[in-house]
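Okay, so chain A shows up in both of these, paired with chain B first and chain C after.
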Partner chain A sequence: MNVWRFELKKAFQSPVVSILIMIFLFFNFWLIYNHAGIREELKVTNQLVERFGYKINAEMSAKLQNYYQSKLQKMNELTRKKFGKTYERAGDFFSEYEYRSEVLSEEELHVITETAIVESYYELIQKIDETYRHLDLSQKAKMDIKMYGLSGKTAEVTREYYNKLNNRLDELIEAREHKNLFFIGYVYRMHSFLFKDLMRQMIFEVMILVVLITGHVTTYEFQNQTHLTTYASKRGRKLMLDKLVANLLASLCISSVILGATLLVYFLVFDYSGLWGIPISSFFNSEFPFPYISWWKMSFGLYLCCVLGMFLLCQLFFAAITFSVSIWIKNSYLVYAAFSILFGLFVLIPGIVPKTSPAIFWTKYTPFSLILNPHLWFIGWNVFFPKNHEWLTVVIWTCLLAIATTVTFLKFNKEQIN
Partner chain B sequence: MLVVNHVSKSYGKFEALKDINLEFSNGVYGLLAPNGAGKTTLIKMLTTLIFPSKGEILYNGTNIARLGEKYRELLGYLPQDFGYYKNYSPRQFLSYLGALKGMDKKVVNQRIDELLKLVALEDVATKKMKKFSGGMIQRVGIAQAMLNDPKILILDEPTAGLDPKERVRFRNLLSELARDRIVILSTHIVSDVESIANEIIMIKDKQVLYKGSIDEICKKIEGMVYETSIPYEQATVFKKGVFSLSEKQEDGLLKIRFISKKTPEPTWTAVKPNLEDVFLYVYRDDIQESSAL
Partner chain C sequence: MRIILYELKKIFQLKMVCLLFIISFIFYQLFINFYFEYFPNGRPALDSYHISMKMIEQYGYQMNQEEFEHFKKVYEKEKVAADAYLQARQEYVDAGLDTYEKFRTADREKQEIGELMDQIMFEDEVDLFWELQAREHLIEYYEYRNFLYSNMKFGDLPLTAEQKDRIRDTIASGNIMSYEVFENYNSLIRHVAILIVISIMFMISPIFLQDRRNHVVFLQYSSKTGRKIFNLKLLAAFIATGFITTVQLGLFFILYRGNKVGIFLNSNINSVFTHEVFWFELTFLQYILLTIVSIYILTFTLTIIVAVLSNRAPNYISVVGLQVPLAILLFVVVIDYLVVRITNIRLPIYFLPSAYVLLILIGSFLYFWSVKREKKVDLLH
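On to the complex of A and B.
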């Protein structure tokens, strides 16, 4: 009989876990619901992609211009009929919009909104080259050095960082990764919504559940006074190995439930059907003057998969950390407290390191720092988000936790169980 | 054969057991000592939960720590404070322990049926244990210890919580089991082992004081145990000169059983010592200490 199955059962038998899962899912659905007002507008992006493809080139731009002109014409016919007035830009209508909404039916308003969105796409396409021409990364390096108070070695690292990012930017422009349609980031901020608001919320929710479950399962025998019976059985102290497997599996199960249900609802509400292959570094994905520049060419679909992979790896790390702490402490409540303290320390330490010390960078190579900004994973944003930050963190922490777990097992094997 | 070879156990500066030497072959061994004497420490070493500070424990010539799973596979153990999962039924709990004991699922299910019947819990096999009495829990504990049909059955205070009828049933069961296995029964209740133990082991001052059959151990105080009847008013003075074992009223007098090394008086009747007499005499200081507390 597989012992880990019994251990896995312990993980999910607690009503606290089920209740928390339901509460967390409710929070996630509520967040999506609050953002769902723009779902109809987002459909326009898919319609454009369906009609013209997502690659922006001269031919596509010309077709889009024609399409926009016909849309504007239709809109002006409507506004002439309704208000005796035409507009040069659909956007101009909305400066007077609130006084006229009552006169328009929902369908008529939709025609105008759609025209305004197509217009935004058409106008923004004209600005792409100019925007990227004005991106001065050496200037950004100077600003970062000033803003973070860096000097000496750390300032040098910052300059090198932006040189590297500049090379990537040139490569990106050369490959025309930026010239692809996507939801308009300046308006809808869908990247931040999905990868920052929703994903970070889910990371913390799953982390709470993972720590609760791992602490509970690992200390279960000691808390229920069955440790003498269980560790004197044939399986003996190797039971901890089964618990480790069960904890890791439980972490994956919990992640799957939270991620699966939330993302299912998310993608049912927001239509990404034509956008999976669009590079994440698209100009349209930008939400701030500085665009998202992924370190590698990554489509939205691939980016999402990588983020989900990192999500799962971080949760496995949290399970492994909690597991090791649990073997030393053996009291689930103290384990939760210890994990919280560890979390706080790992997040605070980079902030108290002297600005001249390179430690300011490498103290951020922790899963605790990583989960604070999931929307910037694999993206060159500032000197604290270097290329390979995520992979190196994974490699370093896999090694560290493998050592910690082995030491903990050896310690437990020699431990007096009283 | 299970051999405890010059085993000592220390916790920092505190020495719990000193140079213990024992041999166990098939039969019932009564580990008899007052609470705190080191019985549980010895048992935990026999179950590999703790390790000797000095010496070694061998099973058929190999150190049990090295045998690991192969040794524990032969082991059935009921700890003194038997813990259980309140929300599990006896069947669920025994299934889990069956898995830990490396048993096949079919065999476990069959064995659970047999054992629950044996400990008279078949009617509550699927009921959650949170509603069970202390005696019922102890019976679940006994069932789990016997689940893998162990070659070495170690029971630490197994009769705690059992009613007199259950105790008798349990003792008979152990006698039967001991024919082809080692049964080590740790207790401070003399009657638990008196009728069934082939050998008694007494621990005092962190060392084995006596190891032998009940008759051999009782010989240690042969010729020293007497009974006499005295008026109540003489009792206090009388008891100052002897070690009183038991007292009861009889025909308006106090009938007293006692140990004395002095020349017997004519009114004293020499009686055959029993195990309880030895226990009370050997641990007189510990008993007086715990009474004072």
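On to the complex of A and C.
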């Protein structure tokens, strides 16, 4: 217990760790701040959900229409008073909006904006069925095959993949998973913002810290030339075990500090109240003509938890990888270089294997490939995001790293240390 | 002299050179190779590159109104050829796509029309149609050249009189330069600059720290050379930086020759076709030289910063950790403003010189501060 504490102290005593945490948090807050302009508009969604619930059905749709009509009427009263003009759609107002901004007070403008947003919801709801009817996955399979230049066996895999995704899509439509309100993805892109921009940034930040700390703590005795004393003591070479535990603990600590602070601010800025139970595959969450289709029915809250879980697991993998490399190399500077090279290689390899070989699929089962697209975890997007991608990666790498660590321990136990 | 040689040997240890080689290779594969392999990227881009080349061959490096009329005539002639192409095919006539005009404005959303269009553009890749599209863009750029006035604004700031003068000169000049070539070079040099920064950080970081970790520093400071070793090592670092930068740039330009941009080297980059205006009448070659010079200044300043960090940091985690924000600053901000698109009129004319003066000042300040500190530093604490 005591040893762990001392090892953890080594991890955090260097001022550079706290400086980096501060800088990284500043980056994250800056990113959120830059995106915060839309927070008022997002609140309309919360109001709608509070008023009508988030499930879209005929009854709800009718209520929404009434609400929209009354809103539009109110808006038209306002514009008639101000400009002597009424509008059929609130959206039309904004095509001429520029010239009128000075005439309206903040509050009046807000009324019009709100009407326009309710209008978008109303109009988009009418389009849902049509959009999903037009989704042609076999067409998408063809496009993927052409775009990535797949052929033979890999093309077969692609077609199979889209068959599977198509089944899931049918199931999803059957369960009316897509008919739920959420922030309008086409406009606000909240899914990309949270899970791609912010989450990926955090993954890289924490990864940098984890690698720095793990390399430092593991090679500490060799770097400070205390190895002859420590590894000759009673605890002896088992000290490496303590270092491993300390490294994993430190990784979790760093992750929770960065994640905790950033997400706290994020959810204070953007109000998600009432939206936690909405499925991630909702039509309104989609940002491109092709919607996000999660492989399992997942609510936003559950999805966030799963992503956070994957986040922590990936960081633990990075810590374990660095740990194994450190025992072999024993010089923290070269460890950092080696880790970057490993990272580069694992990202590079899937890109250079021949397109006809199934290797282009299984070389992607690495944490390094995984962290490049956190917004597509558990989601069927294209052939490189299969259903079992995440958990299989986790299982494979847990085994691989367990073996690697055991081998390095065995090697280290018998090694000539001087 | 001998010490510098030994220091250089230490910097260029076989191990480090091999690692640098691997890092550069991976970086090339991941970020740089794309701009060689896919240049020009995609279809109208390829055609517009060829057409720009033809324009220079026909009209010289400038195009006047008369030559523009000729250019438009060629477009009309090709359009007639496209009409004939369409009319020769029954399915297109049946679908109401019997002229190029109709073909361009047809509703892609309709499935059968979309398929017919895809047949020509993507399946058969008919050169004529792609070329027409590229010519259309070029004509548009020339005709709507006043668009430069709004394009060259920095944020919401209104244009100053000098900026307007430069834009007017550019519009009047009719310079021909390929947008594809220019953008391709900018993307390339940006990534090459990043690679050079990484290389230098990687190679120079251990320079002082290594000696302190090995306790060689006690021997060095008590020898005849004594505390002068700081200057000698820094000099070695400078030589190493110059060498690394030169080799990286040299390799890059050898590869860049494969992009075949020779004819554009004498083009003026102030052009309505590049959508960019610069403070000076630079040819593409002069612009390339300017970016090279700026990379050298940047790397030498960076060397001082890294060397001083290496001299002060207690361990590798600090020296690497402190360079993380520095690297982010360089990659996200500095390289974009001080290497890529330099002397662009979006920024004031005095921005670039003052930025470089500031950089050099930071470097010299750090240097003198370290020298002063070196003179009385207590080695045992």
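Just a few scattered comments:
Here is the rule we go by: the second predicted complex is superposed on the first by the 417 of 418 C-alpha atoms of A that agree within 3 Å, B and C clash if a C-alpha of one lies under 4 Å from a C-alpha of the other, contacts with A are read in each partner's own complex, and residues count from 1 in each chain.
In this text, contacts are C-beta pairs under 8 Å (C-beta built on N, C-alpha and C of every residue); 3 or more make two chains touch, one makes a residue touch a chain.
Please read all numbers here as calculations on a predicted model, not as lab measurements.
Once the two complexes are overlaid on the shared chain, A:359 sits clear of chain B and of chain C alike.
Contacts of A:372 after superposition: neither chain B nor chain C is touched.
Within the superposed three-chain model, A:212 lies in touch with chain C and out of touch with chain B [touch as defined at top]. In the overlay built on the shared chain, the residue A:417 is in contact with chain B alone; chain C does not reach it. When the two structures are aligned on the shared chain, A:345 is found in touch with chain C, with no touch to chain B. After overlaying the two complexes on the shared chain, residue contacts for A:2 are found with chain B alone; chain C is out of touch. Residue contacts after overlaying the shared chain place A:175 against neither chain B nor chain C. When both complexes are overlaid on chain A, the residue A:232 reaches chain B alone and has no touch with chain C.
Note for the complex: chain C touches chain A at residues 15, 19, 22-23, 26-27, 29-30, 202, 205-206, 213, 314-322, 324-325. Interface residues of chain B, counted against chain A in their complex, comprise 44, 47-51, 68-69, 72-73, 75, 77-79, 81-87, 95-105, 108, 141, 144, 148. In the complex of the two chains, the chain A residues touching chain C come out as 14-17, 19-20, 23, 208, 212-213, 215-216, 223, 331-334, 336-337, 340-341, 344-345, 347-348, 351-352. Per the touch definition, chain A reaches chain B in the complex via residues 1-3, 6, 13, 221, 224-236, 238-239, 414, 416-418.
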